[in-house]
């Protein structure tokens, strides 16, 4: 059985005395879609920042495909296939949609500053490859019309799509999605769900962190986080019937 | 004999340190109030001193009048800088390095202005009290230096009283901690920021006026003073202006002891190396709380 | 036919007048009442520090230069043509010195260059004049090895090793002391300190108990002065071009006499020293208050012109112009720069002292020409002590 | 590059020194030297959003390397250039690695502190740099038999080196590194998430900027034949910052325009004494407030806006 894409064990974290996470453990099996839900202030975004390396947890560890990520920087984790999105999409405002996606494809090439300055064949090949990948992703995501538009001029829905396309361009194995459905209407959430499903079909493991129940239907397992602890985990339908979750979520 | 050398180093260290503290406080006040590091703080000191010198030499005013003229000019300069230069950029939501370029431009323009109008020679102001020196354990400190330390303590007390006890001060403090929150309670945040720059201008001018009798001031010295003041503010933790006092004195002592124990020419090298180490390793400063982003 | 030509008495009168005028100008050459020089001026370039830390040297030198220009033109200039000294301010900065030298030599096409007066600026300007072998005389001592290879750049102030020797002579033979402290800046002071170390072997009796350096334009050297005081010297040598070190010596209450280098000796710096200009001995060349016999004429002329007392740099400024003009007079009008430069390579008698530009140090001054002055409460007095050999 | 426009530029460039007086050619040589140093600062500022005040340090190191190699060690000038570039690059790497962890104000102030420390050390280590007295009689450059001892000859050499530097920077910016830099500038976090080693990239560009500074320092040393610490003060650091800011940090022509501005404005105002400093200060303030993209950037914006208005058919909303 291959090692889980992400194995979170006993994560604890506090900000100046205020404990935010206590002993959080869960798994993201390779090739699956796993959900993580919890009301605002349950510590979701802190956990998320720990998973992708922006924060170093005070206790516990995060294993990625079998190796410990404690010593790995954000860039190092991304190089081995972990990419995350942001609650409010962080696109490169001054760059065009095509350039944004090409930055996403940088990961596939290695030419350094010197070979770029001398525009050696390696550098030119890399640039051509990046442009090719970007072109394919633009076709795939139907962004042809927006190719030259600077990201600053996009609507919030288009920004979300660009962030996904940009992540996709780097051919990630593990995609962490932070509140991907915030700011989308139900139709858009539906479309997003389909996109994530197709990503999963292509072998990409997904971790969905959100408070949006509708999106969680595509997840095979959902973990419920409440006041820094995992209080329950299992398929979405089961979670809706779980008394502890109902009490927490629906106040019944 | 050796001890008098160390005492001399401590006395001149504290004297210089207090000046750096005043400049550092000006930088911290403006940073806290507007999130901008004022690279032209040393030039505010320069202008304060030059205006006083001209008020005495050209217009023949007495020393106290010239001193006040210098201080008032500092306040006006701070206000003009905010209203004319900073406000349009705040409206345009310029990013951090645009503000830095602005203050570097201000610093360059002021020092070039002083060079053009006042020339390259050095200016000194008469000392407060007599020109003599007091003897302390066989080392000397000028009476003026003692007055500077007293004045600095008074300024710190006045600042603390102003920020904590007066309504205007509280409004300024609130606006600097949380602009949006303050705005909701009816505080005119823009006016508070202008007052902050005015306060920064005042502190800068006072530093210049107090340092001129000890250290002759010339057109090119603004940037060195800014950097020393920034170092003081950094050691004290940028978030609390009072920290700059301790930071300044520490810096002054480090410098003068470096002269005694290493070599005189390494004074600045040591001072700025301390600044670099603190910025990289202890970004919130020795005394400051964790509250500061940045470094 | 001839009659009509001579017929009109007016014309005859006009012709004879012209002949008379012609003959008189040809033979009158006594300077005292010769005609003022007229015609196209001969341009001589001058770069001096009018502003900045070096102004204490540049301003007095300029006064000497202008006085000499006036005197030379009053005495008929060079072959009847007046000289025009174009003075540029290098603001005590080598970059400016280079740009001004470039403009003077290549745009104004000056026949010779005077100044600058500080080491860094001299080397910068020298890089322009040396390739052209342009005659170039500077009011400063030879300091760095590169200056020895610039054969057309002459100096009218002693090389730094001679300055150092003059300082040591007084400490060894006049004061007969053992322990000497030194406070010097990082430019001029550094160069003279290097020379002091080099010649210290010939003064075995003297030990440097403290050597403290400060950067040029430093405004607070009290701690360095305190370090010198802590080594309790019998005398303190101050080598700098500013009043700051003297004030620091006084503030830390160093009671022993101060021996200063010639670079600190100008009324500008004495003013900056304030009341620390007391009990200071300076080996120099001209004490305006008590000049040597053959310096009296210059001192009088300078007092009449500026109603100020001249010192070394004023006299240096005067000598610079005199030697340049002497070279222009002695060489043909269309002489090439190298020719004028070679003519200058000979002994010269100046107001400041006697020179011999043939010497390897392109100065040729003697230790015996030094006079020693002493500042008492800001006033210069001349001491009887002279170097014997 | 549009072909005809470039050819006209090259022809004008080639004929210029024969038309202008020697003094103006001298200024054009300095403009070339400052362009090279300014390119480095523009790269950091325009593409990485980093304000550096340490370029005068690397400019000095290049100059001192050339002076020491050719005068003290009597070795060929080419070795001076190479040692200057290596020294600047290595020191930039050693200092850049810790310092570039900082961002915004604190990074800029840190570079200012580095410049001040270097200035004090250039004074103090006079056994190496000659201190205020400096190092004189640096030999003239020889190239294919020509001795570059007049502004005219040096003019062609300096601008060819500047052109090569511009080409290298252009390639860097157009390539993969340039894309990563611009992404990093807009959002540091997003770039890190896309596996761009942000810290490594900033240090790399800092080293490239320093090496460019070293080259321009070596050129300065061989052109003036003399280097002293007074030529490498903090004013010079601010001048190098002015070049890309005034000209237009993100564009190579902007850096050239900026370099021409700071060399010719003092000349035009020389009659008024030290007035040009005020013009520089005010120009920086005006540009930062009103024209953040600098002279060239703003002209491009006006031209683009004019282009949009002319092509936008009446009635259609300005998209």
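Order of writing sets the chain letters: A, B, C and D. Residues in each chain are counted from 1.
The criterion applied here is as follows: a residue touches a chain if its C-beta (ideal position, glycine included) is under 8 Å from a C-beta of that chain, and two chains touch if they have at least 3 such contacts.
Worth saying up front: this structure is predicted, and the values here are computed from it rather than measured.
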item	value
Each chain counted as touching subunit B and subunit C at once	D
Per-chain CA centroid nearest to the all-protein CA mean	D
Comparison of C-D and A-D by number of C-beta pairs in contact, larger one	A-D
Whole-Å gap separating subunit A and subunit D, where each centre is the average of the chain's CA atoms	41
Subunit B-subunit D separation of Cα centroids, rounded to whole Å	32
Mean-CA-position distance for subunit B and subunit A (Å)	47
Touching two or more other chains - residues of subunit B	263, 265
Where subunit D touches two or more other chains at once, by residue number	120, 123-124, 274
Residue numbers of subunit A (touch at least two other chains)	none
Category of the chain touch graph - line, ring, star, complete, other	other
Those chain pairs that satisfy the touch definition	A-D, B-C, B-D, C-D
In the complex with subunit B, residue positions of subunit C that touch it	51-53, 55, 91-92, 186, 212-215, 217, 219-224, 226-227, 230, 232, 244, 251-253
Complex contacts: residues of subunit B adjacent to subunit C	1-2, 4-5, 8-9, 12, 16, 119-122, 133, 139-140, 142, 214-216, 218, 221, 256, 259-260, 263-265
Residues of subunit D defined as touching subunit A within the complex	168-169, 171-172, 174-180, 182-183, 185-187, 189-198, 204-205, 208
Residue ranges of subunit D in contact with subunit B within the complex	45, 49-51, 53, 98-99, 101-106, 108-110, 112-114, 116-117, 120-121, 123-124, 234-235, 238, 241, 245, 273-278, 280-285, 288-289, 292
Subunit D-touching residues of subunit A, taken from the complex the two chains share	52, 54, 73-75, 78-79, 83-84, 86, 90-95, 99-100, 102-104, 106-107, 109, 111-113, 116-119, 123, 126-127, 130, 166-167, 170
